[in-house]
Each structure stands twice: as C-alpha cells, then as structure tokens.
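Chains here go by letter, A, B, C and D, matching the order in which they are written, and residues are numbered from 1 within each.
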Amino acid sequence: ADVDTIAVLTPEQGSDFGWNQQGVDAARAAAEATGVEIIVAEGLGYGDVRAPMRELAAEGADLMLAHASGYNTAGPEIAEETGVPVAIVDSPEALKPGLVADYTLSGHEGAWLAGRLAAKMTTTGTVGIVVSGEPPSWNSQSAGFAQGVQAENPDVKILYSVIGPAAYSDAAGGNRVTTSVIAAGADIIFGQGNGSSFGMIQAVESNKATDGSDVLFIDVIGDKSSLDKGHFLTSVVWDMTPVYTAMIEDLKADKFGTRSYAISLADDSVKLIKTPQVDEAAWAEVMAMRDQIVAGDLSLEPIFDAQAVRDLVTVSE
Amino acid sequence: MSMADEIDTPDTTSVQAAVMRRRPALRVALLTLGPILAALVLSAAILLLVGVDPLKYYSYVLQRGLFSGLGLQQTATRMAPLLFLCASLIIAFRAGIWNLGTDGQFLLGAVIAAATAPLLVGVLPGWLVLLIGFVLAALVGALWSILPALLRAYHGVNEIITTLMMSFLGVLFASVLVKLVFLDPATTVPQTRTLPVADRLPRLFETSISSGLIWGLIAVIVVHLMMTRTAFGLRLRMVGANPHAAAHAGLSVPLLTMAVFALSAGFAGLAGASEILGVAGNVRADWNPAYGLMVIPLVFLARFHGIASIVLVFFYSALLIGSESAARRLGVPQDFTLVLVASLLICLGLGEYIDHRLRQKEQ
Amino acid sequence: MDGLLTEAFLSSLLTGAIVAAIPMLLAGLGEQMSEKAGVLNIGIEGMMLMGAYLGFYVAFQFDSIWLGFLGGLVGGMLVAILMAVLCVRLGLNQIVIGIGLTLGVEGLTALLHHFQFSRTYPRLPAPVRADIPVLSDIPVIGPSIFSRHPIVYFALLSVVVLAYLYRRTNLGMTLRAAGESPAALDVAGGNVLGVRVFSVLFTGAMAGLGGAYLANVGAGLFIPFMTGGAGFIGIVLAMLARGRPLWVLIGALIFGAALSLTTALQVAGSNIPTDVIQMLPFAAVMLVLVVFGRKARLPATLGNSYERGAR
Amino acid sequence: MSGLATQATDLPPNTGAGIIGLSNVTKRFPGVIAVDDVSLTIHTGEVHVLLGENGAGKSTLVGMLAGLQEPDEGFLTLAGSRARLTSPVASLDAGISTVFQHSMLVPTLTVLENLILGAPWYNRPHRELIEERMATLQREFALSLPLDALTGELSLGQQQQIEIARALLRDSRVLILDEATSMLTPQGAEELGARMQKLVQSGLAVIFITHKLSEAYRFGDRISVLKQGRLAGQMGPDRLATLSEEQAIDEIVQLMFGRDNSGGDAERRRSSRTDEVLLDVVGLETEGDADVMGLHDISLQVRAGEILGIAGIDGNGQKQLAEALAGQRPVAQGQVQLQNKTVTTAEVAERRRVGLRYLTDDRLGEGSIGAFPISDNTVLKDVGEPPFWVRGIERRAQITQHARDLIRKFQVHTPNETTPIGRLSGGNIQKVLLGRELLGNARVVVFNKPTYGLDLQNIEASRKRIGEIAAAGKGVILISTDLDELMALADRIMVMEGGRIRGTLDNDGGGETLRLRIGRLMAGEDLDHKASA
C-alpha cells in the first residue's frame, strides 16, 4: 500500500523525558527513515481518543500509532470504521491483517540487567522500587528488576512501593514515598512514574542512605541524564524507532497486522545508559550478561501481572 | 486579572444603561454577548502571552468543532454523558441539594454497566442488554448516594462534604472493582470486558453520532418539565427552598430529600452507562474523565434551565472537540479549554451582576 | 509481617504522615477561617495550585526557596482576590465561582508550565532542614518531626496562634457572627464584607503556602495538577473541625498517616492493594459523619452572600 | 394600668432641640414607594411613637436612620446640619442605636459576645468593663442578663433585653425600638414603657414603633402616623396632654384609617356553638427537650360553631399543641379524634384532607417560601390537588386566577401575584396565609396568633372572618397572647402554663374579673390562692 503520512497519538506532551517523548521521537525518526510525513497529536489525555483518531484518518493518515495502553480499545474500532491501519500496544491478541498491529513493549530484559547492576552496587544491601501506578509494561520491568537483583544476590532486600492509584503526576507523593523507602534502608531506587518520577529524583538527591552514602536512581524508558546532578545510575531506555520503521515497511509491503512487534536488547531498542556513577567493573560484567541474553544463552519471561510482581518482592522472613 | 475593572468602569456602565433603557433586545444581546466577547478577549490575551496567535486558535476551534461535518458529529457524541449529568444536577440544584459527588456516581454506574453488558451479549436480545446496563447503572449510582442522602435527610448533615467524600471513595472503589473484580482475563491491561461495537447503542443514521445523544436530550427535557411543571417537581423545589415550610405543608421532607438524591445520583449513573454503552465499550482502571465538576458551572450558567443547559453543553462539547485539534496544530495543550471555560464563567457572572445592578438603578 | 513495628516502619510512617499532612493542614486552617466567616471557599484547590506554580516559579527565578514561599503566598492570594471580588463583593455563587476558579487555574498553570518548563524540567536544590536541638535526637520521633523544613514548624505554630486568636481575641466571635448572622454583625457596627474579604485572602495565603510547600519542599518542581485534590481535603478537614484549629491538625495527620501507611505497609512487605488502603481516610471521614453526623453543624449562612438590607 | 398611663403623660415633656431630622425623605423599592416625602423631627427628651398600618413604611424609615438604606430623595439632618448615614457604623457613630423588628443577635454567641459585637477583632473581650456597666444598668433599668449564656437558648423577652442593653451600653443619644413590645408579656411591655421614660429623662431621644394604640398613648410624648409611606399626621405633647386615652385613640385611628374605628375592642361575638363535638383530644402528651416544652395530659373538645380560645404566656406549649394537632409533631401518648375518626397518627396532609387546618405563627420560617411567587404560596398546601394540578401536571392559569382572587379578597398589597412573597411586609404575608387556610372544606381550624403583626384594620377584618368561620358551623381553636382578642371572640378560654392546661373558663363576658382570673392562671397560680409578689 501507499504510505505517505503517519500519525502518532500520545496522552501527554512529547517532552516528558519518558514514554511520550520516546514515542514521538521514535515516530519522527521512523518517518524520516522511511520518507513519510508525520502528524504528531500529543497531550490527548487518557479519555476517549476516538474523535482525534477520526480526524487524523480524515486528514489522510495512512497509519496511526496509538501510543498508550488506554487507546487499545478505541484503536481497533476506529481502524475498522475508517479503514486506516492502527498500531496499538499491549494487545498481542488484537492483530488484524491490514488493519491492526500490536507492539507489546517490555523492557524486562533491560530492567533485569539494571537489577543485577543495582545488586552489585548497593552498599546498604537494600534496593527500592517505586512506581506511580501499575500498568503492565511497568510491572514487567519491576519484575525484571527484582529478578535481576535476586539473581545477583538473593540477600539483597527489595522494597516495593506504589505511590497511589493514578498518582502519575503526584510529584510530591513520589518524593514522599521515595523518602520513606530510603529511610527504610534503600540506597538505589528503581523508579517508574511519569511526572511523579521528578519527585523521586528530588528525594534521591536530597536524602542520604541509612549508611550515609549517596542514593542513586535508575530511570526507565526515557533518558533524563541531561538533568542529572550526580545521582543517576542508569536508565533502561526504550527506542521504538525500529518497531515503527518495521511497521511502516510492513504496511508498504502489505504485511501489516500479521505480526506483533517488540523491542529487545539485540537491536539496542532496549539498552542501559552509562553514567559517571556506574562502577566500571560492574558495568563490564552486566554488559557481558547482555551479550548472553542477546545470544540466547539466557532467556527471561516477562511478568505483567501486578500481583505477581508483589509476590516477587514481598519479603517474607 | 482585571476583568472586573474592564467591564465595570462607571463610563461603560452608564453608556450601556442609556442604550439599554431604549432597546431591551439590544440589552439582552449586550449582556450575553458582551461577557462572551470579554472572555474570548481575556483568553486571547493569555494565548498571546505564551506566543500563540489567538485568531488562528479560535478559527481552528470553530472549524473543527462546529463547521465540519466530522467535527459536528464528534461534538454531538461527546454531548451525551454531559447531558445526563445536566439532568442529574438540574434535579439536585433546583431541589437545593449540592450533589458534588457525580464523579463517583458516574464512574460506578459506568463500571457496573461495563461489567454486566458484555456478559449478557448473546444471552439476551441486544436492546435488553442495553436496558439492563442502564437500569443497573442508575441503581448503583443511586445506591452510592444513599449515605449522604440518609445523613442529610435524617441528621441534617451538609451534603457538600458527604457527597465529595463519597465521590473520592467511589472513584477509588471503581478502580478497585476494575482491578480486582471485573477484570477482563483476556488482556494484560487492567480493564473490564469490552462490549462489541455492534452491541452498543445504535448510531444515528449514517453518522458516528451515538444515539445516547437522543436519550440525553430526552433526559434533560423530561427533568426540566418535571421540575417546573409538575406537582412532584414543585414538592422537590419546596423542600429545597424552605424545608420547614414543606413540612408545615404536609410533605415528608426526609423522603423527598431521599428522592432527590436517588434521582440525581441515578442520572449520574446513567451518564456513566451512556458513555460506556454508547462510546467506550469498557472501563479501564484509573479512568476518570471528571465530567461532573465541569458540568456544574454549565448548569449554573444556564440557571438550572433545561434548554439553556443543552445549548451550553453543545457549545462546550464543540469547544472540547475543536480544541483537541487546535491543540495539535498550534501546540497549545488541551488544558487551555479550562482557561476558556473559567473566563466565560467569570465574565458571564460579572455580566449577570451588572444586569442586576442596572435593573435596580432603573427602578 | 514482623517488620511492622520496626524502627524503619515507624519512622517512615511518621515522616510520611508529617510530610503529607502539612499542605493539607495549611489548606485546612485557611479554609477554616473562610468557613467561619460564611464563605465556602471551593476555589481553594485553585489557590493551592497557583501557589505551587508561582511558588516554584519565584523560587526558581530568584534561586531562593524563601522567596518562593512568598511567591506561593502571593499566588494563592491572587486567586483569592478574584474569589473575594466575585463572591463577597459582588455576591456571585460561591460554589460555582470556586469550581470555575479551580478549573481556570488548572488550565492556566498547565499552559504556562507547558511553555516554560516542560522541555527542561528544572528542579530546585534540596530544601534546608532545621534540626531542633535536643529534640531532633530522640529516636524515631526526633528525625521524623524535629528535623524538618522550617515551614513545617510554621504550620504547626499557626495552629497554636490561630487557636489563641480565636479564643482570646474578638476575632473568633467576629468571624462567627459574620458566618452565623451577618446582618447582626453589620448593624452592630462590624464590617461583614471586610471580615469576609480578609478571611478569603487569608485562605488564599495559607493555601498558596501549602501549594508552594508541595512544589518546593515536597517535589522540588512544578507539575501540572500536582495538588491532586489536597485543597478539597482541606475543605473537608475544615468542615469536620467545627471551628477548632487543633482538630484540623489532627485530621490532617490522620489523612497524612493513611497516605503514608500505604508506603509503610508496603515497605514492611505487606500486600494489601494500594487502592484499598487509600480508601481508608475517606471511609473514616464518612464513619465520623455517620456517628457524629448530628453535631456537624455548619455556620448558618455558609455559602450565601450578604447584601445589606436585601430581603 | 390606667394609673400608669396617667403617670406617664403627667411627666413634664423635657423637649429639647431636634436631634435628628428627616427632610422630604423618599425611599422606593421595586413596585412600591415605601416612604414618600416624609419630614419629621426627633427631639431629645421625648418618646416619639411611630404608628402606621402594615407596610406603611415604619421599618423602612428605621432602616434609613440605622444606616441600612439611604433615602432616594430628601436628606437627613443631625443636630441641625445635613448628614448622610451611609452605613450602620455611621449611624452608630452619630449616636443612634436601633433595636430592630427582627432579632439582630447571633444565636450561637454568648450574651457577652453579643453585647460587644462590632468591637475591633484584635481586642480582647473587656469583660470587667461590661460587668461594671451592666451593674449600673441593672440598678437604673432593672436589666439583668446572664453574660455567659448562649443567646439562642434564652427566651425572646430576654433576647430583647440584650438588644436594649446593647443599645444602652453604647452611650447613644437616640434609641430606636421597632415593634419592641410585640414579643413581650403585658407586664414586660409596661416595664419597657417605664424604662423609656427614664431614658428620655436622662436626655435621650427614643423612637418607639408599635401597633398597640394604648401603648402609644401611654408611653409616647409625641405620635406620628404614617400611611402608605406618607406622614398622615402628628400629635405633639401639648395636644396629647389635653386628650384622654380614648379620645387620643379615636384621633389616631382617624389618622391611620381615615374613618372612625374602635379596632381592638370589638364587641363580643355572639356564640354559634352547637352540641356536635368536632374535635376530641384525650390525654395528649408530647416529648420535650432542652429547647421545646413537652405537653402533658392535654384533653379538650371543640364543638361545631365554637371558638375555643387558648391563652398563655408565649412559650408555654401553645405552639406544640398546635403542631401536635396539625400532625407536625409526633404524639407520645393520647388520642386525637376528628368527627369521631381517630387521626392521632395521621400525616399532615391526611389531616388537612379531612378538614383539620393550621395557621402557623411563623409566617416566614414555615408558613411561606420567601423566594417563591405569591401565587405558588397560595397553593402550597394543595400541591398536586385539583383544580390546580391535574394528574400531577400543573394548571398555571388556575393557580394565577386563584392567587389574584385571594389578593383581592384579602386586600394584599403587592405589585402582582408573581412577586416573591418574601418581599411583602409582614402583615401582608399574614393575609396571604390566612386566605390560604380558609380555603376549601375546613372543619376545624387552629389559628396561632392570627393577628400578630397586623394593623388595626386587618385585625378587625381577620377577627370578623374567624367569627364567620365559627358561625358557619366549623370548630375553631384560637391561640393568642392577646386577652382582648380572646375575650372578644372565644366561647371558652383555656389557659396553658408549663405544657399543661391550668384551667378552662367560660367566656361569660365577665370583663375585668375574668381577665384577672385568666392572668392568674397564666402565671401558674391556682385560682383559689392570691398572687404572691
């Protein structure tokens, strides 16, 4: 099929150093790579996205990237209604040739590596996971991180804390919960939280660990290292460019909707970034493990269920 | 923030007063259009402040929300739940009850509709599935208001605080229900089962407008007539205006108060159902469009009048739809519509005040 | 779950409770004065949010958290001025204007944030802490309560000051008269509108301060919608406290404790879903109302405007 | 009583210069001219009585002196020079203290707090000072108040004393009392009269508003009569001194109504009592609590054509009895039968349907809905009933017509039937309510202070209507604090005290002796013993 314009739809502004920004940036890059026009519709919120989708379809988009799990009911319906192909997330069952494709993004492998790194570097023997909600893609990373920590050193305690239901923009809550987790002994925080993660970072910067050392922060999806004041350990960065590029190409080749897309360590669409705070020796070991995973010597199953995550981290003494 | 001064300077008022004494039609026009214009100018100033061309913005809004066929259909669809909420608030406000808990009632109504309808599809005829969804939503909405209703009716506890509390509770509870009870096992995303498009409220003619619009319009008009033209409506208004007088006249104030809560919350529940059964098809965890708080100013601006509420809801929906598209083109976040609505509210409020003052002066 | 009564659990509970309670306390104390005077200040959520925005903006521009608090105070008062003009002077409906102002501030601050900070997300340095000598060395309680930002002590102090003013001066009685029977205050030579305007501005200042605390101490930056209903909780606290500042404090601490209990339980390894725990404070308020409902009397003219000689 | 009156008028009128003047003052409200081109002078050392029918503009005049309203035309003078009173503060500063027709106290504050209300907020309550001053007031005027009691818990009489005390504490030069005696017992009114005389002797000016003409004569040094907003006439001290009470009242009535009228002292009604028992109450009891008095063992019968008067000092259970009969107050024990049908547990609406009607004395609080138009208020008790509603749907034209008829028949002063009833003067609201109760198939009507706050002409008309109702074979219970009214209308007079029936007397036209006997019962004494002071 002819593809000359694609559209990407995100719930928040594409400048959040996270999910939305990665989506928009990747869509731009993919459009450039494949030589198509792009319409960016950002900040659409988590409500009903049918109206903007219909409008984008009417404006001639040939593919709509519905970049939020909240859009995966509306997406296929609009695809059906307008005939314009739509890509949605987290719905491998929803494939429909020519109309609906799925990309289920899971950074669990990257998070697993981050977990190993954290377990190597903790001095208090306790690490924390702080999240502002429990969507599946975050759950899989929380689980991956916990499994990584346990694989590295089963003695390291993992504290898990959810700020609150739908606390995505609760920066003060992020700060408060992170502070509590640090007070309870954690010196490395694995944080997932949209707006609230800025609060987590604030807490990491302004509190000392219980043994007096600096607290370090592991971020996900986006790259906030430009904001760093010496407390970033790493980030599990997602790059959706390969996914979007493949989609556009499949669409051109009339193969759209026949497969799911994913990100992985192999093509660096999931990768860890290295900051000055990273211990060189530990980094080398973690990178070696990365290669093992890529080579298929190690395989990790994603876990999407919130309850399963809690079971992993619950400390039962 | 100088709207008050802008409009209320002695010069302009006396000029307006002079004009108005002669031409009542012109007066009405000035007093409704004036504030609207002022609100638009005020919002435009804010847009200019952040470097956006307000004329472009407004023209996008008009084009996309009102003057394009597609936009108009979207606007009409968006109206349905808002209309049910109008009906809910008109009953409550006219009966002197501040039901500020419509968000919780709305969400729980939505959740129950989303939890039951998909299970009944195929078991029962389509119209019955929808009917059951609506009825259950109304019941659950009403049920969620029973505590504030009892407290108000039998203990005189102010309903503002209780309905707000129950709303916070209801929003959380809806999310708990979705995550723990009505979860769709087929997806990893925490949401209820989805009602297939074909089984939702039918669309109107060949458009994408949900027939929820029609039911919403009927709801508002019926409620309006009930409150203004029937004995039952007068009884409710009596209870709202002076409960002692109502008791003296032999009405059962507690029972009527309960009825107001039940009806108002029931309509809020229906609003939730209309959004789910007409448009969305399912409820996701943590979903909360918070329409309730938004509709309160609209109903108030309409002075609790049904038809006026419909008109305002129409323009508000057009604004929502139009601004979604204007946002994309001009990089102005959606949230700007809130600024516009707030300035409208303030300016129309000021207009009403000036009108009031002018009338006093004339006498 | 033998981790429940450890020092870590207790100190994280107490720390969290205080940190979360302060903005609600400030808002509640402010709202309380408006309510006493008969103004139902629903716009308080907007005042808080404006306080958060302006508080952060000033702190960031001038590189001073202290100036930031001043900015927050002014921000809250700016919104309060609108409220005072529209609802007290012009007598427009308090609930509707309050909701309108809240919505407007939400939109406005989100808009300004978008154009100013959404690409850089600047953050403030960690706020200073003032240890109170001796007290801060007490285990558990010491670091949780007596080693906090000075504004925390200010908030606690204002509980005492307000209680004193309400009890020992004519302020309490003047406010109550303005709320119960404004006509009586008017003919007795009191200034009803003056009292009400003052109380609304006070609410704005306190709410703005609470907002600035959220942004500057709580988060270190401004995020749209970051108050997330704290102002509404302030309204509820004020209504439950029946005129007594100390009760606002107790209520705020209970709310704060419930919020931080979520974290503390999770840190202790418990496994109760967050949503359920977070329902607790609201459920508790409802329970209080069901049990003591009859006594929750509000000022007679709460929410009504006053116009001399109208009938 | 007449002795006291003579004493009052015998005092030398200590007439001084005009302390306040009104010059061609006019005040308009939507649809009415409340005060129309009035010029008056208030002198120190005089009790200046303002008289006038309901809605004549008395309270409006007071409002302008109190700084609540400003004249639309004309101006005020203070000590001879032109002045504006733009706010209550300005009025207070000018030395004018006002006790309003409707209570202006904050019920949730203590007496002390109400006394110092208006003081700067940052001050501490100066309790010692107030105590000292109150001691003086007690000596001079026998005013004694519990400073720490909650105002709302005190009796209306005590509340009125607070207002008077507050005015006196301010060292004002002019004291205005708007219908200050309406809530007082006859004895309380006498005390107030004496108090006013003391005040003017100490150099104050007093403006006193009342509907009771004999009070006006006995307490007043100068009388001004308002009629539909205009000053209809004035009687100075010299003129008053030459007239007897009867002559003065005749002259006032002439001024107020433009015709001869002997108002309050109407001829005794001819009884139309029959033997048929319409209402039979046996052993009625209700629960009481801190705020309301309970009823104990009330038994009474009302026959067709009979008027049963209920006397008693305000607040001795009369209102509770009326409410229990109307079905508004739960009955703890006893039985109520209407025409041999038990209605003890029937709802208000049910009782109304079988013909039991109740005219409340709380016309603003429960009798009417201030914000609703007069038309809706006329059918408030018939909502849903034909012909105004058919199958629940309103018939607007019927309601309008009905309201217009009522307005005409009862001479309600109003622009039209769509005016919110709250805008009417107190007396005119009362007319609407009266009209509402007399409509339809009433069998027994309970009137609670039906003429309270009405002017003479309307009192007379209302009394005539009540008599007609009885004459038409209906039963009437007439609750009143006005003995003249009861003695003029009732067949029997039942006296209530402390929630019980103290005794029932036949109205045998016994004049002063009967009055005395009733008075003793009201004070809770047995008829056989002499009153002990």
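We adopt the following convention: a contact is a pair of C-beta atoms (placed from the backbone, for glycine too) under 8 Å apart; a residue touches a chain by one contact, two chains touch by 3 or more.
Note that the structure is a prediction, hence the values are computed from the model and not measured.
Of all chains in the assembly, those touching subunit A and also subunit C are B. Should one ask which of C-D and B-C has more C-beta pairs in contact, the pair is B-C. Centroid analysis (C-alpha atoms only) places D farthest from subunit C. Measuring from the averaged C-alpha position of subunit B to that of subunit D gives a distance of 47 Å. Look at where the CA atoms of subunit B average out and do the same for subunit C: the two points lie 28 Å apart. Centre to centre, using the average C-alpha position, subunit A and subunit D are separated by 77 Å.
The residues of subunit C that reach two or more other chains are 114, 224, 275, 278, listed in rising order. Listed for subunit B are residues 172, 175, 179, 333, each touching two or more other chains. Under the contact definition stated at the top, the residues of subunit A that touch 2 or more other chains are 13, 165.
Per the contact rule defined earlier, chains pair up in contact as A-B, A-C, B-C, B-D, C-D.
Residues 168-171, 173-177, 180-181, 183-191, 195, 308-309, 311 of subunit C touch subunit D in their complex. Touching subunit A in their complex are the following residues of subunit B: 64, 70-71, 74, 77-78, 172, 175, 179, 186-191, 194, 197, 208, 275, 279-282, 284-289, 321, 324-325, 327-328, 333-334. Per the touch definition, subunit D reaches subunit C in the complex via residues 63, 66, 68-69, 87-89, 92, 98, 100, 103-109, 113-114, 116-125, 166, 370, 422-423.
Listing the residues of subunit C that touch subunit B in their complex gives 40, 78, 81-82, 85-86, 90-93, 95-97, 99-101, 103-108, 110-112, 114-115, 224, 229, 232, 235-236, 239-240, 273, 275-276, 278-279, 282-283, 285-286, 289-290, 293-294, 296, 298, 302. On the side of subunit C, the complex with subunit A involves touching residues 2-3, 8-9, 11-12, 15-16, 19-20, 23, 114, 118-121, 123-127, 214-215, 218-221, 223-226, 228, 259-260, 262-264, 266-267, 269, 271, 274-275, 278.
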